[in-house]
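Here chain A shows up in two complexes: once beside chain B, once beside chain C.
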Partner chain A sequence: MRLHARIGFILLLTPLVLWLGLLIVIPHIDMLLISLRERISFGVYETSTTHYQKALTEPLYLRTFWRTAVMSVLATAITLLIAFPVAYYIAKMAKGRLQQVLFMLCLIPFYVSELVRTFGWMILLRETGLISNLLQWAGLADQPVEMLYTDAAMMVGLVYTSMLFMVVPLVTTLESLDDSVVEAGYDLGGNGLSVLREIIIPHAMPGIVSGCIVVFMLSLGNYLTPTMLGGKDSLWFTEMIYNQFIVRSNWELGATFGFMLLVLSSVIVWGMLRLTGRTLQETMG
Partner chain B sequence: MTPDLECADLVKRFGDTTAVDNVSFSVPPGSFFSILGPSGCGKTTIMRMIAGFLDPTSGDIRIKGGSVLDTPPNKRPVNMVFQHLALFPMMTIADNIGYGLRRQKMPKDQIARKVDEALDRIGLPGIGGRKVDELSGGQKQRVAIARCMVLEPDVLLLDEPLGALDLKLREHMKVELKALQAAFDTTFVYITHDQSEALVMSDQIAVMNAGRFEQVGTGQDLYYRPDTPFVAGFIGEANRWKGRIERAEGSALEMRTETGLAMRATATGTLSPGDTAEIFVRPESIRLAATAEALSAFDNQLQGTVTSILFNGAASRVLVQDSVGETLEVTLPQSGEFANLKRGDTLHIGWGAAQATCFAVAA
Partner chain C sequence: MTKTLLATTCLALMGLAQTASADTLRLLTWGGYAPDDVIEMFEAETGHTVEVTKSNNEEMIAKLRATGGGGFDLVQPSQDRVMGPQMEFGIYKPIDITKLDQSQFIPSMLLATMANTTVGGEVYGVPHVWGTSGLVMNTAMAGDTVKDYTDLCDPAVAGKVSYRLKRPTLIGFAFAMGEDPFAAYDDEAKYKEIMSKVEAKLTECKPNVKTYWGGGDELMNLVRSGEVTASMAWDTGGWKLNEDNADITFVAPASGALGWIDTFVLPAKGQADDAAYAWINFVMQPEVAAKITAAAGNFTASAGADEFAEDALKAKYQASFSQEAIDNIKWYPPVPAGLEAIEGDVLDRVQAAN
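This part shows the complex of A and B:
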């Protein structure tokens, strides 16, 4: 019996171990090793931290690194601000069919690939695009307006891409909030703001934190949106990793960047959890 | 004296259905008023209108003499204990009780003192730091009341707050609620579908059915002197017979049931010979006897056989089938006389005309 149980346990564990080992642990160890070696001559390598030194002293690299971090946090914040009222409406105000329809509307854009969705935004925002023409027609602009290739356009794309991943956890947590708890909040003298602050937001905190973590990671690791919608100045850190690996064939520096990105996202997620006083277990469990 | 709460011609319609139909009542200060009715009768709708979560279609709600129709729920001097209590799970007990006081912008040290006082009042001192889910059902109940009472409302509304508790605790909380009401000396308006809760705790009870008040009165009024067949059937239990009135002298009546039995009863309202009527007799007002002589003092006497004994401790019943085949429920006295009663035994039963209430039946 005990032997059977052990075999069953091992069999169940195997896929998890394989997945973690082959797809996460081994590649990352390999990345770390690559990032820590220096090419002396053909086929000759030496262990050194020279790439890290280079990455941390070169202004372009550093600036892109911090910009990516700050912009990702900003995109997460904007997504939260837009998604919260949407999720509240879907979870609490809409009833029956309307609720399902609204939820579907959030989901439908994700039926097409991210590339196509981003092209959609390009069609809207470009110089000869819909919004530009509309502004000229309304007399608000006297010449074509270029809205693409700016930080704002990129931000719109990032928020749009991440929206669903914020709305879903928020709807789930808000739906579990008993209506009478909100009513009790009003009954005991609270107004809209204090009920929101003391009752709704604390209740939705697990959803807010898990939504923010997912959206932040998606933004930080996004390659397509910054490349297509962002301008010359909106270089994203993932683009630099791509350049090093593919354009320059400098795997050592690319791996260094990759590792820095991993450390950055870990630190910010940890900081976010600390700030809200939650554990990863509570949030994901 | 101005009543604490007064509802005048209150009407609430949802589309075509009238949930509350022209209800008027007033609750004197410091009293315990219950609205008792089956589920779906509109009692929760009344409560939500008083709390301010629903607007009445017409009519007026006055608290301490002033209309509150234009006052939003968070400004009304009424507080509500919700059916599932609706304590704030994200806060500690002290924060729960202090919530309303924080909304009034009371200084922190004063809030802390008031919360401690309230916890002493409900007999749970020192639990302020605990989380809501660490409390038992009865403790949560008391915290929910304390959370309202620290605000010193003019009227406290309670929406079936005992429904979720188990039987033993519910019995205990009935007594406790009554004691808390006396301690806080506040007007309680309590809604329930459980007649025993209403009868035990209330000064006044309104029996509600299909959006209307059938009768308002004390527990004794409703039990002994029901105004309508609905009240007679809803409060306590009753054996019923339908039939036609044969003789009427004042309120004393004789009725011939559909199965051909002649019965004497007391009329509620005016009834005259030829009217269709219904007689209600409570199982506990029927006397059991082994011989017909023992029942000679009663106006109505029947002979029957025992078809079943429903043992339920003090509330045990016997089902007796009479000569025409009808089954009556009779309370089984626990005095030992009928300890050996079994199925198939022949029995005599009797009851007085004063214990048989007769109502006209709308044709």
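This part shows the complex of A and C:
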């Protein structure tokens, strides 16, 4: 019987181990090795840390690196600010059917691919697009307005793309908050602000943290939105990785960038957990 | 549950392990180079089946590099991208010219491509489709201002121009600025000097640019909607837009259009060489080549295909290219290794500049 259980356990574990090993661990080891070699001449390579030195000293790469990090944090913050009231309304104010309908409405944009959603924004924001025409029709603008190819357009795209991933964990945690606790807060003389600060936010913290982690990762690793909506000024770190690998055939530098991004996201997630005094276990479990 | 999982894993692995049978031709090519009707005719005539993957130069090389030249049986990179990658990564195998019907090729183009793709005495490529890149513009709105690549930086067209942030732009600007980058291909110091001049120009020009286009369709939309009136682009793009709006067309810049030839190359681990040779011989027949010209919009290296080409396309070609402009086409020589690193740094800095 025990033997059976053990075989069952091993068999169940095999796909997971294969998945992690073949698709995550082994490629990463290979990437690390690639990032640590330098091309000497045709087909001749030597181990060196040149690419890390280059990546950490070239101002352009560093600028893009920090820009991507700061913009991703900003996108996460904006997403949280917008998603929190939405999630609160869905979880606490809306009842029954309305609740389901609202939740579905959040979900529906994700039925189409990210590419289509981004194209949607391009149709709205472009110079000959819907909003530009509307403004001219209403007399608010006397010539076509270009809203694409700016950081703001990119931010809109990033927030829109990651909204669902913030709303879902928030709704789940807020639903578990007993209404009577909020009521008790008011009974004890709290006002809207103090109840929000002392009761609702602390309760929703696991949802906030896990939502923020997911949204941050998605923004940091996003390729489509910055490239399509950001236009000529949108240098995003993932775009640089793509460029090094595909356009420049410089796998070594691309792999180095990949590792820098991995370290950056790990550090920021760790920092976020430290800041909120939570452990990864609490957040994920 | 466990059994299902196991079974699924096994099935998936079997799917991965299954290799294409010898008579499946896996073709890695550009959009329009393998139209459906041509594939149907080929399959009916030879019994081989054709699987087409559409791509571009950089992705073709990246894909082959990742597999050491496997996964495809016939590839179509531009002729300047054959020698360098072959020396660097060894992703191609020599082509046996005797298995091809050489009389079907335009002799001068065949010889030029063979010379440009020779590594260690072995020939790696034969020509297929050729064309140029230059300026696509709305002649009514920008025709008076824009005569050459550098005119895209003219204040008169501010906010209405676009180009790609890729190497053709660097080369085009260098020629327009009176330099000869191709002559400096073997002189890295000289090439760096030219590229830093181009970088300064492109950085200065950046406020004039609406956006850097990435794909052909993106550019078509920008020009068709009138948001962009002049752009650096391929000749076919201009000719296609010309059908919708007679003002828009392709113009060969004063400093010369840049000429490219896409080739046929056998990847190192290709498994269906016979089918690949059969495909090359098949598509180089004048009637078939004319069908490809109709689909791709570019002419081929097939001798005698001109007779079968559409008159409308020929007329557009003649309107864009005078004899003088044809003689002035700058054909891309093979890219030596190392140059793309210089260009890459320049492009990155231009993209990041404010």
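What we mean here is this: the second predicted complex is superposed on the first by the 285 of 285 C-alpha atoms of A that agree within 3 Å, B and C clash if a C-alpha of one lies under 4 Å from a C-alpha of the other, contacts with A are read in each partner's own complex, and residues count from 1 in each chain.
FYI, a residue touches a chain if its C-beta (ideal position, glycine included) is under 8 Å from a C-beta of that chain, and two chains touch if they have at least 3 such contacts.
Bear in mind that the values here come from a model prediction, so they are computed numbers and not experimental data.
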item	value
Three-chain arrangement built on chain A, chain B and chain C clash or fit	fit
Contacts of A:183 with chain B and chain C, given as first, second, both or neither	first
Touching partner for A:198 - first (chain B), second (chain C), both, neither	first
Arrangement angle, chain B at one end, chain C at the other, chain A at the vertex (C-alpha, nearest 10°)	150
First, second, both or neither for A:232, with chain B first and chain C second	second
Partner chain in contact with A:250 - chain B first, chain C second, else both or neither	second
Chain B versus chain C as contact partner of A:140, first or second or both or neither	neither
Partner, of chain C and chain B, that touches more residues belonging to chain A	C
Partner chain(s) touched by A:128 [first = chain B, second = chain C, both, neither]	second
Shortest span in Å between Cα atoms of chain B and of chain C, once chain A is used as the common reference	38
Residues of chain B defined as touching chain A within the complex	51-53, 72-75, 79-80, 82-84, 86-91, 99-100, 103-104, 147-148, 151
Complex contact set, residues of chain A against chain C	8, 11-12, 14-15, 18, 42-43, 60, 63-64, 126-128, 146, 148-149, 227, 231-233, 235, 240, 243-251
Chain A partner contacts - residues on chain C that touch it in the complex	1-2, 5-6, 9, 58-59, 61-62, 65, 85, 87-90, 159, 165-166, 206, 209-212, 214, 225-227, 337, 340-341, 344, 347-349, 351-352, 354
List of chain A residues in touch with chain B within their complex	178, 180-181, 183-191, 194, 198-199, 202-203
